[in-house]
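In the two complexes below, subunit A is the common chain; its partner is subunit B in one and subunit C in the other.
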Partner chain A sequence: MIVNELILPVILVTVVLVVGAYLVAVIDEAIAGALGLPRAANAWMAPLARGAWLLTQQANATEAPDWRAWRLAPALYLALAAIGLAVVPFSPTLIPTDLVTGVVLWGSIEALATVVIFLHGWSANTLLSLIGAYRYVALGLSYILISMFVLIGVALPAESLQFSQVVASQAELWNVIRQPLGLPLFLIVGLGVTFWGPLNLADSRDLAGGTASAISGPPRLVWNLARSAMLVAFSGAAASAFLGGWLGPWLPGPVWMLLKMLAVLAVLLLIGRLVPRVQPERCVTLMWVVLLPLSFVDLIWAGVEALW
Partner chain B sequence: MDYPLIVDLFFVLLSVLAVVSGWRVFCTDSMVRASFFLLVSFIAVGLIMILLAAQYLGVAMFFMMAVEMMVMALFMVMFMMNPAGLNPMMMVHQHRFAIVAGAVSFVVLAAVALLAEFPDSPLPADLDPVTSLGNELLGDSMLIFESAGIVLLTTMIGVVVLSSHRGRFGAAEEGSMPPGLAPGGEPAGMPKESDEGGGHHHHHCH
Partner chain C sequence: MAVSRLSRLAARARVPVFPALGMHGEPALHRLALTAGIELVDSPRHASLLLVAGGVPPDRHAALRRVHDQLPAPFATLWYRSEPLIELAGATRVDELDALPEALTTLHRELMQGQRGSSPRLLPDEPPNPWEGLGDDGHGGEGMMGGVPYGRPMVMNMTDDLRDGLTLDSLTVTLGPFLPMLPPGLSAEVTLQGDLVYAWTTQDAPYPTALGSVFFRALQEPVPIAELERARARHHLKRLHVALRLAGLERLALQALRLAFEPRVEQERVTKLRRRLGRSGFFRLTTTGQGRLEQGQARRVGGVAARAAGLEEDLRGRDAAYRRLGFTPILQDGGDTGARWRQTLAEIDQSLQLAHQAEREGAHTEVIGSVETPCGPWGEHRSEDASRLLDELLPGLEWDEALSTLASLDLAAVSEWPQETLQGSTEASGNGAESCEERRA
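Moving on to the complex of A and B:
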């Protein structure tokens, strides 16, 4: 019982997160190579070499930081990614935690991520990381709202807040077709919460690295790992909420799930490389004036479709 | 009702975490730290609620409190003129009143815990807490909950409007000027109006 309910889920989540975060780096390098951007000589070895190099570097210190919060924040962000992936089902039976309120827990992960990202920038006690932290809070609230409406939309046809029920409800038609606005909006939320690519406003170059501008060595390694891991967890949630999770012909469920996660990751990383960074003020307007109303439309669509 | 020993163990650990982090709220010297210690305390309470089979309310506690504490920390920093919340400041005031109020509420709550007779009705095995909560919220009690929600929202907007009327350097509708660095001096941190002339401001006569 302990093996099935505790050890196996922990191993599953850890392996998927670590291998997934590694693959994020590899795919990103491969996309950079395909687009003719500067890239490492060997895409498979480069992330490992960089990780090993960061491990041997000294951890930077600033003047009077909040040490505990500063060191804890990357680890907490990684933990949030692990908790988020833990409610994602890989097959009808292979589910790390089949929480009946899994969809609500995803909303909580995004809300707590806002706190952790703010804490990471705030506790360094330096200017640019503080600006990054405040910037993320201003934007994070809109990401949370959009994600909440989109996720309520997928819970409606399932009549459940459980991710396994959400997947089971897509047996006839995947949510990506049934609610066409859902997946694009959820992917934008994913880029926002991991501040990746066009929505990298918390750790952006115009802030010399933002919340991560003052960290080096092992803490930076954990922070980078945590961001990639959160992207992996997001791809898991997106695959089960919109792409039918384990459902699919011929192949076993977990393989379908992993393939769909990889496809979502590839799309996210491609967007990250192709789309330029949005200006923060414009991003707030875009979120509240365009995307939030679109998420209302998505929810009304889902409601009408469920009543039909 | 039968439950494994580990539930008791987690209950004790989470209770200790909730109480200790709640106590740290009053010992820290920063608004941001105080908010997040309170958040840790609430998360521990939310986990205890999940142990008590209130699965929706426990998880809802996480996101409600995370957003609430984040916004609270931000608003406190904005209203309290402490640019980042890292500057040390006294977080407690009205000591005598606070001590008396704290002692009285502790005695009352402890008396309730010790003297009240709690109903002994174990959960039915087929109970679905999320569904029953949804039926309660959007069924017979819908009018009460919805009107309470609207009243709370109106209160929040009203409080912000009333409290932000008086700004840092004067009333909002009059326009505000920061005080001078020296008594009676020019407003601090304001650009001089005649600076557009490219440094010729000493030629202008007033």
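Moving on to the complex of A and C:
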């Protein structure tokens, strides 16, 4: 009982997150090289060398930070990624935690991510970190509603809020085709929750790294690891909700699931390299004026399709 | 054993360098941006090496010491064409641009493998001002309000909101002169409400920009138009690199920089870059019609900014040789950040077209005594610093908008020495820095 319901799920989630975060760094490096950016001598070695460098570096202090919150925030963000991945099914039987309210739990992770990222920026007690924190709140409030409508859309045909049921409901037709607006909208949510590429408003270059501008050494390693881990967790949620999860011919279910997660990761990382950072005001306007109405349309579409 | 393995592995990481730019230190930045294995970081907290590139005037030494002490241990400094601070007299100095990447890599490896000690702290590890907190909450005010702990006032809701009525606490800070997102040398006192710039007071002007020697020769004698126009295109491409990097378009930023260093910039490749920029959403997503210059302001800045605001001001139009090549000034009517970048790209294109045509016809300039530089007209006087304009232009903009506006403007004065002279001799760099400093004072 303890082995099946606690130890194995923890091992599964940890392995997928750690290997996944490493692969995020490798794929990003490979994409950068393919796009003509100066590449590392060895893309497989580069993330390990960077991790070792951060481990040897001093964890610095700022003037009167809120120490507990500052040190805890990266760990909390990592924990949120782990919790998010825990409800993702890898096969009909290989599911770390098959919660009947898995979709709701994922939504709560997106909401809590806003709190944790704000905490990270605010607790450093430095200007650029604080601006990053403010910005993330504006972004977080904007994408959460979109995510909610899109996720309700995939729960409708499954008649369940359980990710395994959402996957099972795609046996005949994947949601990416059944609800064509859903995946593009959810990918934008993914860029938001991981503040990656065009939606990297919290840790951006114009803020010298934003909420992470004042951290160094091991805390920065944990923060970077947590961001990559959240990308992995998100790719799991997206693959389950829209790409049929473990469903697919010839290969075992978990292999299909991992391949689909890698595909989602590659798309997010490519967008991150090709699209400029959206100005915060333009971003909020786009979210509320364009994307939120589109998510209504997606939900209505899903409802009509479910009734039909 | 494990520690030594970790150190050896750490030594193989990309070399994280924080560049603190002094006068005319940009060539070092450009070289490193194009070097694999070097990572230019935006925060001193993210670096193991502090690169001081170019002469730093004495009045910026205090700020440089503060930046130095922000690097986490172990760290080292490298001085490129710059005299190390007196406390760091033994620090490594490099004067050859070609030797710079290798020197940084070696320094990093030695640092990681423990063959070199960390740079000493220069300032005492204590708050810059004493704790002056009093009262129940320890910050010296009443209740939850007021007080000046550590000599800085608590953020207080003291100013009206400029934008939408959502009033946030205002916070006043000094930024620069080594903040990588600002032009080198610029420092300002900025009051922010959230990420909204409430007030901006320029304190130190950016360092003067060094132009290619061809612009100086054009004042004295006829010069090949092809050479002049290629130098103009290169200058604009380097500025574009800065803006694209700031916008998160690393790939296109490097493409622009690579083009700037090509012996013969090909128009086709610039056209391709323009197309890619348009497709990436650079104009739609990163510019929002902000940073608009009024005609008077645009005239003060001159050059691209003036023409982007619809002012037909270009000394090339007075030169018969240019007119024979069919030159007419390109104009925009927006005057905002987006219009300035559209204008810049169009002018790069036009310059390369003129260069191509002039080369075929062997055309030389005919007007002596004045020249249209990439920074504006140079007639009786060189372009002067226009950074005070920011005090009126930036308030009311969000931080991101303010920085993209800043990147689109060429506000620094033009240096009295050509680029080649400054790069050709170490002595020239030091003397130049001092002289420019005196002139500004």
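Here are a few things to note about the model shown:
Throughout what follows, the second predicted complex is superposed on the first by the 308 of 308 C-alpha atoms of A that agree within 3 Å, B and C clash if a C-alpha of one lies under 4 Å from a C-alpha of the other, contacts with A are read in each partner's own complex, and residues count from 1 in each chain.
In this text, a residue touches a chain if its C-beta (ideal position, glycine included) is under 8 Å from a C-beta of that chain, and two chains touch if they have at least 3 such contacts.
For clarity, every value in this text was computed on a predicted model and none was experimentally measured.
In the superposition on chain A, A:220 makes contact with subunit C only, while subunit B stays out of contact range.
Counting the residues of subunit A touched by each of subunit B and subunit C gives the higher count for C. Contact with subunit B, but none with subunit C, is seen for A:144 once the two complexes are overlaid on the shared chain. Contacts of A:256 after superposition on the shared chain: neither subunit B nor subunit C is touched. By the document's definition of touching, neither partner reaches A:196: not subunit B, not subunit C.
By the touch criterion stated above, A:242 is placed in contact with neither subunit B nor subunit C. Once the two complexes are overlaid on the shared chain, A:234 sits clear of subunit B and of subunit C alike. Residues common to the contacts of subunit A with subunit B and with subunit C across the two structures: 64, 130, 134. Per the touch definition, subunit A reaches subunit C in the complex via residues 32, 35-41, 45-46, 48-50, 52-53, 55-60, 63-64, 127-128, 130-131, 134-135, 197-198, 200, 204-209, 213-217, 220, 273-282.
Those residues of subunit A that touch subunit B in the complex are listed here as 64, 66, 69, 99-101, 104-105, 107-108, 110-112, 114-115, 118-119, 122, 125, 130, 134, 137, 140-141, 144, 161. The touching residues of subunit B, when paired with subunit A in their complex, are 30, 32-33, 36, 39, 55-56, 59-60, 62-63, 66-67, 69-71, 73-74, 84-86, 128-130. Residues 6-7, 9-14, 16, 34-38, 41-43, 45-46, 48, 70, 72-74, 112, 127, 149-150, 168, 171, 173, 179-181, 192, 194-195, 244-251, 254-255, 280-282, 285-288, 398-401, 403-404 of subunit C touch subunit A in their complex.
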